[in-house]
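The following pair of complexes shares a single chain, subunit A, combined with subunit B in the former and subunit C in the latter.
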Partner chain A sequence: MVCLCTASGAVISGGALGGASRWFRRESGSGGESHFDGNCDAMAEDIRTKLEHYKTAPFDSRFPNQNQTRNCWQNYLDFHRCEKAMAAKGADATPCQWYYRVYKSICPMSWVTTWDEYREEGTFPGKI
Partner chain B sequence: MAHQAHSYHMVDPSPWPIFGAAAALLTTSGLIMWFHYNTSTLLMAGLLSMLLVMLQWWRDVIRESTFQGHHTPTVQKGLRYGMILFITSEVFFFLGFFWAFFHSSLAPTPELGGQWPPTGINPLNPLDVPLLNTAILLASGVTVTWAHHSITEGNRKQAIHALTLTIALGLYFTALQAMEYHETSFSIADSIYGSTFFVATGFHGLHVIIGSSFLTVCLLRLIKFHFTSNHHFGFEAAAWYWHFVDIVWLFLYMSMYWWGS
Partner chain C sequence: MANHSQLGFQDASSPIMEELVEFHDHALMVALAICSLVLYLLTLMLMEKLSSNTVDAQEIELIWTILPAIVLVLLALPSLQILYMMDEVNEPDLTLKAIGHQWYWTYEYTDFKDLSFDSYMTPTMDLPQGHFRLLEVDHRMVVPMESPIRMIITADDVLHSWAVPTLGVKTDAIPGRLNQTSFITTRPGVFYGQCSEICGANHSFMPIVVESTPLKYFEAWSSLLSS
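Let's turn to the complex of A and B:
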């Protein structure tokens, strides 16, 4: 991934955090994509804009079929991994909110509650 | 009319089929009693009657064939078809369990941690005892073929040696597998991983035991001069079954032990 900043900005590194983002630029703020152009401040503004204009989870071609379980699971994981990674670097965790919004949109509430409890207990089966 | 004008075997009336059906009923209902009410009496009665029917029915087949000469080439052809169809049905039996394995392992659910092997499962090292077991079964496939060639060539001593070695390898596999079962850190109750692993390998192990028993009967018959170099279908059927068991293991090894780790 691009743009490793130490200042507060959109710092997204690591394979798991690629998420629903696209590598190419999109004009409209459909809430679907963020883009990497090597400029951290632009990215930071960008993700905030995206979050402001967020309506619901966009189409994610990684999960094209009717069963969206994996979509929910992946974004839940990505959010918590993002938070953990940002905290470890001492960086701003705002970009992680994207994953938060997506999983909140598509995951059944009961799953989120259950998974949060598992994380509390230390019995969460996913790798965070 | 003293003689038949056809080459088929019109079998004398026999009680074994109906007794076999009764044994199957006792066994299946016995399984239910064991599963749900924790009593094994009915099951033991079922298994015992099944064993007795098998011994006596197949004893009668040997009497009709080896001692009374009813197994003409036509009859043998029918038996060949029968064995092949039976083995085919067993292939489908195992296919079901492989289906279950791939269904669960190709798209692991969040409950498993979205991964295979699931979180917390420490699978067996495929390069350890499982690899040895693979070598054992492959070797036993060679020895059973050696035994077959020895029979066809009329070499009694080698046939006995080769068949004994085949059975010994089969027993070695069973013993090693039993030890492995004891050593796993996971049980059948440990998620769908445990279920698929132990049901598939368990049924395979049962088939190894069945195959070894079939081969043992063949060894006893071989020693007692039942087979000729041209006519030894009982042995061939056992050898086919044994190869089938070997091939199932190879698929189990490649998918569950190796890919699945």
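Let's turn to the complex of A and C:
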């Protein structure tokens, strides 16, 4: 599980960076303080390092088989949900770049273009 | 590529294909041994050299139960070994996408930049001397040699299939689905394949060409195409 600190100090946790299958949910009762604060800078550094050393989408144990359709779809959703959540909190959206890199690697460009158009039109079938 | 009237496999250019060729040779020997035994027994029978007044045949019953079981084990063990080897988790260095269309392939290299190009068969009238008819393409899929490559195969319209026999790869290209396969090229070279799922009038005329080169040439090629 990955902890991401927001500007207000509340903790948003989850995401697929460690292979977990939850998307963002707020830790209840975190208020303005969190005992994860000390770890958050280290985590942010980890993500940046991971992004710098990104070669290609790594093996994702959630999608171990031949059919990778869901892998592409999930990472596309996760990126846009991450961006939306970070924007709502006013936080740095850099960690969301992981999902961006993964879906860029796996999804055909035409699929991404089509989905982007659907999002603009408001007809995108996924929940962001 | 295959030569005319070639019966056997092309030389392997990936570790999995090497294993498959070995297994095939092994299985063929088992099949040859069984056929020889059957032919021998048939000959004996036709020459009336086999006793026909047996009532209680415990020993032979035991032999022709145990022996086939051993043969099956001899076949199953290497087969399963290769099957699991093909499914091993290997962290790829590169992800490539091959998208089938009527009647050409599109290759996308999007790990870093958005590099994408179409690959059409070279028409025979434009084929330079000495090149392979119905196999050459205008833009080959270039890969770095000895690197694990992840391929994502899909199609844009109808069913196609991306196959390169020397790499031991054949994966269906299905619209709306991303099929993953992987390979490592053991040596530099140019490897040919052809679309392997009927897809219309020019199904036989949308070949696949993979060019495996050392990393520095691959990087130079991808920089050239990205610019």
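Assorted remarks:
Rule of thumb we're sticking to: the second predicted complex is superposed on the first by the 92 of 128 C-alpha atoms of A that agree within 3 Å, B and C clash if a C-alpha of one lies under 4 Å from a C-alpha of the other, contacts with A are read in each partner's own complex, and residues count from 1 in each chain.
To be clear about the criterion, a contact is a pair of C-beta atoms (placed from the backbone, for glycine too) under 8 Å apart; a residue touches a chain by one contact, two chains touch by 3 or more.
Model, not experiment: these values are computed from the prediction.
After superposition onto subunit A, partners subunit B and subunit C are found to sit side by side with no clash. Of the two partner chains, subunit B is the only one touched by A:Lys127; subunit C is not. Look at A:Thr69: by the touch rule set out above, it reaches both subunit B and subunit C. Of the two partner chains placed around the shared chain by superposition, subunit C is the only one that A:Ile106 touches, whereas subunit B remains out of contact. Comparing subunit B with subunit C, the partner in contact with more residues of subunit A is C.
Of the two partner chains, subunit C is the only one that A:Pro58 touches; subunit B does not reach it. When the two complexes are laid on top of each other via chain A, the two nearest Cα atoms from subunit B and subunit C are 8 angstrom apart.
When the two complexes are laid over each other on chain A, subunit A has residues 69 in contact with both subunit B and subunit C. Residue ranges on subunit A touching subunit B, taken from their complex, read 69-70, 73-74, 77, 111, 115, 125-127.
Looking at the complex, you find that subunit A touches subunit C at residues 54-59, 64, 66-69, 71-72, 101, 104-110.
The touching residues of subunit B, counted against subunit A in their complex, run 107, 109-115, 118-120.
Taken in their complex, subunit C has these residues touching subunit A: 89-95, 97, 99, 108, 110-111, 114, 116, 150, 152, 154, 156, 171, 176-181.
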